[in-house]
Structures are given as structure tokens and as C-alpha cells.
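Going by the order they are written in, the chains are A, B, C and D; count residues from 1 in each one.
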Amino acid sequence: MKSSIGEAIQISLFGESHGEAIGVVINGLPAGIPIDETYINHYLDLRKPKGKISTSRQEQDKLHIVSGYFDGHTTGTPLCIVFENSNTHSKDYHNDKMRPSHADYTANEKYRGYQDYRGGGHFSGRLTAPLVAAGSIARGILEQKGIVIGSHIAKLQDIEDLPFPEQETDALACLQQLNQTYFPVCDCDVATQMQTRIEQLAKVGDSAGGILETMVLGMPTGVGEPFFSSLESVLAQLLFSIPAIKGVEFGLGFEFCNFTGSEVNDAFYMDNAKVKTKTNYNGGINGGISNGMPLQLRTVVKPTPSIFIEQETIDYQTKENTTLQIQGRHDPAIVHRARVVVDSVIAIGILDLCIQQFGPTWVGV
Amino acid sequence: MKSSIGEAIQISLFGESHGEAIGVVINGLPAGIPIDETYINHYLDLRKPKGKISTSRQEQDKLHIVSGYFDGHTTGTPLCIVFENSNTHSKDYHNDKMRPSHADYTANEKYRGYQDYRGGGHFSGRLTAPLVAAGSIARGILEQKGIVIGSHIAKLQDIEDLPFPEQETDALACLQQLNQTYFPVCDCDVATQMQTRIEQLAKVGDSAGGILETMVLGMPTGVGEPFFSSLESVLAQLLFSIPAIKGVEFGLGFEFCNFTGSEVNDAFYMDNAKVKTKTNYNGGINGGISNGMPLQLRTVVKPTPSIFIEQETIDYQTKENTTLQIQGRHDPAIVHRARVVVDSVIAIGILDLCIQQFGPTWVGV
Amino acid sequence: MKSSIGEAIQISLFGESHGEAIGVVINGLPAGIPIDETYINHYLDLRKPKGKISTSRQEQDKLHIVSGYFDGHTTGTPLCIVFENSNTHSKDYHNDKMRPSHADYTANEKYRGYQDYRGGGHFSGRLTAPLVAAGSIARGILEQKGIVIGSHIAKLQDIEDLPFPEQETDALACLQQLNQTYFPVCDCDVATQMQTRIEQLAKVGDSAGGILETMVLGMPTGVGEPFFSSLESVLAQLLFSIPAIKGVEFGLGFEFCNFTGSEVNDAFYMDNAKVKTKTNYNGGINGGISNGMPLQLRTVVKPTPSIFIEQETIDYQTKENTTLQIQGRHDPAIVHRARVVVDSVIAIGILDLCIQQFGPTWVGV
Amino acid sequence: MKSSIGEAIQISLFGESHGEAIGVVINGLPAGIPIDETYINHYLDLRKPKGKISTSRQEQDKLHIVSGYFDGHTTGTPLCIVFENSNTHSKDYHNDKMRPSHADYTANEKYRGYQDYRGGGHFSGRLTAPLVAAGSIARGILEQKGIVIGSHIAKLQDIEDLPFPEQETDALACLQQLNQTYFPVCDCDVATQMQTRIEQLAKVGDSAGGILETMVLGMPTGVGEPFFSSLESVLAQLLFSIPAIKGVEFGLGFEFCNFTGSEVNDAFYMDNAKVKTKTNYNGGINGGISNGMPLQLRTVVKPTPSIFIEQETIDYQTKENTTLQIQGRHDPAIVHRARVVVDSVIAIGILDLCIQQFGPTWVGV
């Protein structure tokens, strides 16, 4: 019944795609944190639709900090961010034909027809804008502590990107590069291939999904709470709240099935007085707690369900079978836009668990 | 900082592998639910180690309901279940050499050496016994409402089981059969192959993982809460709290990457006045809310990290590289035992969300 | 670390007295509840400062429902209400001299000087405006279920109002009358006396407190959760969050000290097939659970600390003793304005516990 | 729906008066805290019934730490304490006649007859034994930080104890003395008077209540969270969960009504480079946050409802008026036993808020 998440840091989202405004309330941010709006806007920009591979709906997403922020710093009391909705075409939406694989039908059943159906209402991907704003504040705090998050599109249909570099310094450079790039892949040629594929699909009114791979460098050891707030549990709960995410795996993930224990146990060794593991098949997590190695995880983003190809469905009113030709403005792929949302919720989850483990003074302001 | 989970139904675990006792407190169970101890013991039995494919540690796991239960029914106040630990060989454990891919190192860092290190302490798979007890109570309630949960080992190394039957009546029979079977696969021949493989690995001191596939039949529509308590989010948080689970996917999961929207959107149609989808690529969930189709998800269980083959590691005290020869009694595979834990936490999650959606009277006692 | 409260219904407040806006996010409201803005505005109006007995700061308090509301009904997703701050005189506030008995010093210590100090920031009574908006929605739902809340100023200094009428029909009429009255007392003559006293104090720059007595009629039996969410616990937590409330008592309250068990036990009897008690010394609550009798409780509101008489205090910067002459616009009494805040949080608490007990369908929309 | 409380420190109670066992799970205790069982047993002893002023039911209350404790220290994972019930006379209890002012009727309505009615079940004062155990662990931690809690019976009927000493060193000595005394009053003569009064009431089968006054010395500044977790809110929620508590007031409490702002504002001044207030009418709390002055609060304990004088009531089964002659063993007063429960929950609340404010390292182990 609640739309909030987190223990030390609590996030509460509100709003609908075509309502007046959307926003987020963040509780638990320590006082005295400087906020760089340029930094947040950079990540909001990475989330915006751009070019032929995205919807033509252009929202300003103007950052509007309404409370909890004074004289350039957080106050320690609830910080609220509001984005006004401006570029809405509500007439494109009707509450009669269920769009397949959308939340139209399920929300209608859940709320007995009272939900705001326009543009997916509260279940719209638009709600991820305030999530990115909140996540960027968290990300900024983590970066001050040397924790850097980055993701690339590892796979889009049959097109695969290069893996993250093995050396940590190379990996760090790669993450920083990705965080400056709108279409996040390690290999430029692959970027072109993937974008071309999306444009081809857009032309025929179809859509694509993809797999995001995320790395977090600089993770402190000891982060993750028993029993139900393991590092994997907390990140997965956040990740699966992002619309279109249908799978999450850590380290080797589903590939673990194909190996024996002796092949995939990560042997410990001392590296200049620091404990490390020779391999990182567990993705930096043992027993639900970070082990100081890079955090590695993958999420799958399903193909956007809003396609322009005619689909079979049902008419709500008549309860009869019918066909649907979706109107409006839609993304032929959202995997590139979802990237920064994935990074954002990971930042929120890690910050929450770090403050639980180390206390609010860990933030160091 | 908390070891509890849930909103309408809250579960709080306590205990360590080699401590005096382990247990669970369940809050929010409606009053008047009859509890069938035989039913719970059946599922506890499916979790027990048996034969050559499991550890030889034999715990009685005697169900002991300490509170919240009176005259054969739940009272509505907190129900506490305790299991005493009896068959412990604590001398097999020392807090000096970190076992690779276990929680030894991370817990030691997190708790600065104060954790109970014997047998993994609070991070032991043993904690899943009270989880199965709690889950079986939830499962019993769901079955009264026509909701049936079942899982099989879909894949163990290169050996694959048959998929679930397509027809719902066949699928129901299959789930019921699986729930009566210690080694849960749809195809008997595959069972033999998988068990032989585990025995072979056990002989050489190695271990195997596997992929579990779960189906839930009879799901009501409208279950799952915005924004951070989507059906996927709630189940994933619970599933990732189970030791050794490293991946969770719903419906097509990571395979979504390989298809276009038009290929994997689930078209709606009317089936005898009931809304259904022609395919179920989304695994019964749209927008984080159940759509009435069977729930389908997969989890990966990594190979047991406790292998008998010598491994490289570090000595805690000297901080020097060393090798480790694990002693004690360990499972060459836990995927078959993890099955009932997976089903149990799914039952807990679904019951919690159903009561949030429909209220405590939905339980119908 | 969190600024939210509630289980089935969750309330999250944000904003500062002199910031851009203040507001509230309400989670868990069932879908389909019609909202009557006139009804909410009526209660917001009762909270506004009026006449010589209040501050001259005039805020419009224009109700602005930003989300969770569509086509005249709640949607079931988070409902956010925002009030813009307009009539602020921030120059009246400086962060140098601690105002005695205000949150200036404690907030400054807690947030290391980063708090928004203007007008009390997040600790201002102004935050009660969104609380009244949220509470009025809850109150409207309760009234549909026959639950009516009302309060009067039982005592202001030595001036005492008449008690609530003994007969339930008279009591109901009294509550309804109080809910229409800006200065809430049962006896008109007493109203004049109290207001005259406040005006006299205002003239000399001083202030008064008072005791509010609240009655809730139509309470269903069985409301209140063990162990820490007793009806008293939930209401007290909410009531003590209102600035200036320093005491809460149920039924006889502190007077219980002067009687024996045989004098104050409430004997049960049958009244037309309904269980009642002959007396109601326990204020309608036994064992933390409502017993169906009228809920009765009292809260004390301390005298407004913002007085114009010169006071001794400390200078933050120099850490030296000094005197303070408070400027700005302040209330010589807030007990009459606090009344509707008290009623509002009681409505929120009761609605939360009723939905926990009876489920969301109890609301009956 | 939940029986737990707290943010950084979470407490979950379970058990019934005449069930097998009662207990508590404590989450969030930092690792490495030494536990002195003698210390806890001392406070459990102060809660035990003794002499003619208490019930003759003698429970051993043998402390049994089941988990979260290893090698003399907390482990950081959930700490569970269990007390077995041994001295039960369940035959004294029947589920037919409602005991006035007990939870019999309300629990019966709430749980539709499924509650464990023996001895009040989960609503029995017996549940306060694990609460004292948990609270004593918290109290021990606070004492290491120089925070000392103590209470006396300020009033029993018309008999009043002396107030706490004004000087802080005298007050500290007084608290320490009270914490060693079974019947907690500052003035020995008053102790005799109060006990005589209770014995007189016991002889005629009647009972008494009383007012407890609590002081906390050594409080750090800045403790208490906005908006709904003010120091008053958190302590009041905990205090009102104790059976028989019907009123809570801070500082002057209800007496605030009789004064003007200029009379009761607490003026700040510098005392040897430390900020203090000349008076402490606000009981050490401004704006819901501790100001470093002694915390002062009062709670009222109603007369024990279990009296032996014949009372009017109803028969559950026949729904007819009848009379009731209570059997069994009961306390003619519980105010002296409630004292240590009050101190215990205050310790829990303060520890929780301190860890939220200062982080887990504040504990200093």
C-alpha cells in the first residue's frame, strides 16, 4: 500500500504521466550536502528522448527543488523535487482498448476503473524522471566517497557490446566515458549498429529491448543487511520497480548453472595489504554483503510494448475481441534511456545501505 | 538494519547455524486460520538433506509453534516458530581461513569479528528452515483460495528438464506432482541424470548449481503495489534473500533481449467471459501487477561454495595467502533443497500483496 | 530518519515555513473516493489565523491536488497536495539569537547550521496545513462510515468550558456544531471569556495555551493493533508530532491516579443487543483496542513561545548571553487553530487502523 | 498489522500470558556490545511481583538469549530472547464473562473469538518481561554513553512523593538510588504510606493506580526526527503500548494550560561554554528534538482492572447481563512494577533515535 522505499534514505514517488506534475520526496538525506543542479540535469538529459530512436514527446524536465534545500545545501529535512508535465497529448489516450503488455488492464482491474489511464498514469516510464533526480543526488554523494556507477548496453537483439575492461583503472575510465555518452556502449561501432537496428524497427512500427550491464567501482566492504535486505535484495527490489525490467542477475548470474563450484568460487588473495578475489564471478557480493570487489550486475529491458503495428486486444466496455492501432508518440527502444534509471536506483540502494552500515556521518559533510 | 520484511504480513527471522535455536516471528496473520502441522512438515521434509546428493548433517527440524496459535487456529497475534539446533559439529569451524564465495569474509568485515562464524552463522542456509515453515503457512492459505505454487529444476549444468505443460489442467497436475517429489523435475529420466551428475561431483569434492522454474496458478488479478512494491519487486527481494540465489527473471526474462515488441507482446482475448492473453511472455505480470495468467519466473542457484577440493584463500590472523581444505558435512548441490525455499518465499510475498489488495477478510476464515 | 507515518495509509510531509511550498504525499488511499474540495477548504479555513487572537500572516492555503486524483475521484496511487507559500516575511528571521522554547536551537544543533531557520523551517506550525488537508480527506471517509470527530477547548488558563453532553445524540449535535465554529467551545459565554483573555495577553505581548478535549462517535469495535500500534499509541504518536502539544491522555487520563479499580472499571451491559459500558472512564479503549464506546481524549497545547516581551537568550555566533525582542507576526494563542489539526491527525490514525483491521473494501466505494 | 517498532533498532514481541513462551526479537543492535546478564536480571527482578502489594504468580523469568549473542558480545544479527511460561493457572480463565476494563471483549471482537483468552493472552502485562529485557540492553548501552534513566511514583491516590532534586548531581544520585529500589519513591516515609494504602486496598479486593515521573540525565542534543518521529512521538508510542498507561505528558504537561508564554518559556544561557536553559518547563525537548537539558515526563498507570469485588458484566455466550467474581492471582497495584517497563521503553526509544542521529558507531564498541 505504500509507494516508498528505503530505510536510512526513503524515497516516495508521486504523479501520473499526464497529470499536473510528478515528483519525489527524499527523507533521510544528511544536512549540509551541496547540490549541483548541473550535475543532476546532466543525468536527466541522458534520460530524455532524443533522435529517431526515441519518442518525440519532449518534456522540459525542469528540476524544481521545492523543499529540504537552503543556501546551496540540503537541510536534513525532507527534500521534495517536482517536475511539471507540459507536453501532454492526453487525447491520444482512451480507456477502452487495453494496450497489450502495458499496465492498462491490470491497473484498471486493481483500481476498478478509477486509475488515471492517460499515458499509463502512475505506471508510466515518465515517473522515472524524479527517480533519476533523486538517484543523481545519491550518485553525487557516492562519488565523493569514491564510488562510481556506470552501465552499458551489453546486448541488443543479436548485437553485443564489448565487455567492461578487466583492469580497474581502465574500467573506471570506461564508466566515466559511458556516463558522458547518450547511447551507452563501450564500442563505437556497436553503437552505430544498435542505433541502426532501432531505427529500422521504428520504421516498421516495432520495438527492441536489450540487456544492461552495470559496474560499481569503489564499493566499501560490509554493505548489505541480513536477512531480507541483502545487497542483491535491495538492488533487485529497486530495479524491478522500473517499468520494463524483467530480469536481474549478479555476477555470473544464470550462467552459474553451467559451472561447478571449483570453477566459479572466487579465491581470496592479498593484494598490497588489501583482500581481493582472483575472479569476480559473484559480482562483488558474498552472502548478500559487498566484499570490496567491483559490483557487477545485469538487467534486461523488454521491448517497448507501445508498437504501431496493429495488435489483437479487447474492448473494455463491450468485453469483445477487437484490434488496436496505437496512436501517440512512443519509443522504439528505451534501453538506452533506462540506463540512467538503472544507475540511479542502484545509487539510491547503495547509499541507503551505506548509511545503515556506517551512519550518516559517513557522508562526510 | 532490520531483519524483517513485508507490509500486511511481516516476517522476522532470527538465529544462527550453530546457535541454540533458529526461528521466525510472523505478524499480520489473520485470526482463525487452521494450521495443519503435517502439511508444514511435508514441506520441511522436502527441504531436508537426503541421500548422497546432500550433506549428512541431519537436523530434526521439529516444528515448535511457541505463540500465536491456540486451539488449532491462529490467534491473530504474532506467531513464533522455533527450531532447536541439535546436530551441530561446531569444531569443524574456525574463524581463521575465509571460505571462498561464502559470507565468512564479508560478515567478518561487517561485524568487526563479532559475528557467529560457526557454520556461516546467521548467513547459513539453515535459516531457510523457519522460512519454509512460515512459507508453508502462507502456501496453505493460498491453496484455500485456489492459488497453487510449484517449481522444477529446469536446468542443471547441461541437463534440461521438460518445460511446464501448456494446458492449465496439465500444469496444475504437474505442480501437484512436483510438490510431492523430493527431487523436483517433470521428466523422471532427467531426474536420474541430474542426480547421477551431482553424485559424480560429490565424489570428486565438487558441486553444482541449477536453474529453478516456478509457476503459480490461480493468481487473482490486480496484485502488486506501486511503485516499489511491484509483484516483481516484492518477489525478487524475497528470492535474493535466499543464500545462493544470484538471478531472477520473470516470463521470458533475459530472452526478451532477442525479440521485438510485436513478437512478445501478449495479445488479450476473451475466453468464456474471462480476459486472457494468447501468450504469456510477461509471466503473468503487466506493470508490476498480476494479470490473472499463470505467474512464471526463474531463479538461478549457484554451485554450493563448500567444496572439498583444496582452494586458495587468506588467513584472517596473519593476513597471508594460504590454502584451505574445507572439513565438515556439505551439500554437493542445494538446488533441489532450495526449490521449496523458493516456493515458500513466493507464497509469503503473494499472500502479503493479496492482503494489501483485498484486505484480511479475503483469507476467508 | 523518515518523515512519514502509517501502515495502510501513509503520510509523508515536506516543506518549510518560508520555502517555496509545503505539501503532503498520501499513500494507500483506496481508489474511487470522491473528494469534495469545499469540505477540505472548510477545515483549512478553521486552521487559518483570524481576528485579534491570531497572527496577521495571511496565507491563501490554496488546495492544489497534484496527483492521485482524476475525474473527481482518488486513483489509488499516491495523492500529493501542495500549498505554495506566498505571504512570507523572511527578513524578520535571523539565525543568530535562539528563540526560547522554539526549535531554533535544537534544529541548529541537529543539522549543524544547515537547517532552513526562517520561520522555524520544517518545524513550523505552518506544516500543519497539509496535515489538515490530508486529515480532512480521511475525515470525509470516516464520516461516510458514521464516524464523527470533534473537539472543544476544555480549558484556557482558569476558564473552563462545559463538558461534552452525556447523551450520544446530544454529543453528536455538539460535535457537528463545533465543526462549524471557528472558536470551538460548547458554551458561547465561555468563548467570549477565552477570546477576551487572549486579546488581553496579545496586548501585553504574551500568549496562552489550553486543553483540547476530543470525542469520536461511531467508532467500530476492534480497532487498534498489538503491541506497539495500540489505538492510544498510534494517536499519541500523531498528536505529539503537532508542534506545541505536550500532553495526551485518554478517558480519565491522569485522574485515574485518584481512584480505585472498583470506582473506574467500566461495567459492561447489553443495550438493545449491543454491548456497551455503563461508564466510559477508559475513553472507549480497552487493551489498546476500541470497544465501540465514544473515543475520548485530551491534549494540552502549550502557550505560543513567540511572545513579544523581551526574553533572555544566547547569541549563536558569539556564544554570549543576550536578550531577544521577537519581531514578526505571531499568534497570542494557537489552541483554537490547533483544534482542527488534532482532529485531522486523529482521523488519519483511525482510518489507518480501520483499513488494517477491515481491509480497503471497508471504505465502501 | 505489525507487532514491531523502531527504525535503527527494531523490537518485535511475541507470546501470550499462558502460552508456551514469550519473547522478543531485537534487530539493529550493533555488533560487539558486551551483555551483562546480571544487569538485565536486576531490572527483570524490579518488574517481578513481590510481597503483599503484588500478585502471587511467581514466574522465574529466566533470561534465555537464543540468538545474536556469541562469545559474550552481540553479533550484529537479530538477538532473540525467550522466557518460558511456567507458573500458569489457566483453569482460572474462561472465555465467557468479559472482565471489565480488560482487553477480553475487544480482543474477542477483533479476533472473532480466536484469541488466546487465558490471562489476557498477548495483551497481558506479562509481555512486558521481554520488553524489560530488551530495554535493559538498551539502557546498558546508554549508560556507557552517560545517559541515565530513572523514575519514581510521584503520586498514588492522594499520597505524593517529593519531586526530583533540582541539582543535577543530586538528581543523578536519586536516579541511581531509585534504580536499586523495588518500590521507587524519593521519600522513604511516602513509600510506607503508599504500600500501606495498596495493602489496604488488596484486603478489600480493590486496586490503585498512580503517576510515574521519569527523568533522563545526560541526553545528547539533537535527538528526535521530523515530522512524526519527534522525541515525544516516539516515546509516547512506546509508552502507550504498555498495558494500563492512559496518559503521557512532557515537562509541565497539562499544567501548561495554566500559564502564559512569558511564564513558561525556558530562557537560554551559557553555563561554562555549554548552552542551558534557566528553567526546564519543556522537559528537555524543543520542537520534538532534545535540547541537552534533563528529559522529564510523566505517565499515569490506571488502577489494575483485575479486582476481586463483584462486578457487572455480560456473558459472551448468552449475551445477557450477569455478574462476575474474578478468580486467580492479581496485583492490587502495578504502578511500582510498571516503573521499570516505562524506563525500559524509554531506553529503547532513545537508543533508536540516537543511532538514527549519530550512526551505529556512536555506541562506541
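Just so it is clear, a residue touches a chain if its C-beta (ideal position, glycine included) is under 8 Å from a C-beta of that chain, and two chains touch if they have at least 3 such contacts.
Please read all numbers here as calculations on a predicted model, not as lab measurements.
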Q: Count the C-beta pairs in contact for B-C and for A-B, then report the pair with the higher count.
A: A-B
Q | Most remote chain, CA-based centroid, reference being chain B | A | C
Q) For chain B and chain D, what's the span in angstrom between their mean Cα positions? A) 39
Q: Compute the distance, rounded to whole Å, between the mean C-alpha positions of chain A and chain B.
A: 26
Q: Determine the centre-to-centre distance between chain B and chain C, using the mean Cα coordinates as centres, and give it in whole Å.
A: 46
Q: Among the residues of chain D, pick out those that touch two or more other chains and give their numbers.
A: 1-4, 7-8, 13, 77-78, 110, 122, 226, 357, 360
Q) What part of chain A is in contact with chain D in the complex they form? A) 7, 77-78, 226, 355, 357-362
Q) Touching chain A in the complex: which residues of chain B? A) 1-5, 7-8, 11, 13, 98, 100-107, 109-110, 120, 122-123, 127, 155-158, 201, 205-211, 221-230, 232-234, 236-241, 243, 245-254, 256-270, 273, 275, 277-278, 281-283, 285-292, 298, 300-307, 309, 311-314, 319-321, 356-357
Q | chain D - residues contacting chain B, complex | A | 1-4, 7-10, 12-16, 19-23, 25, 27-28, 31-32, 66-68, 70-71, 73-80, 82, 110-112, 114-116, 121-122, 360
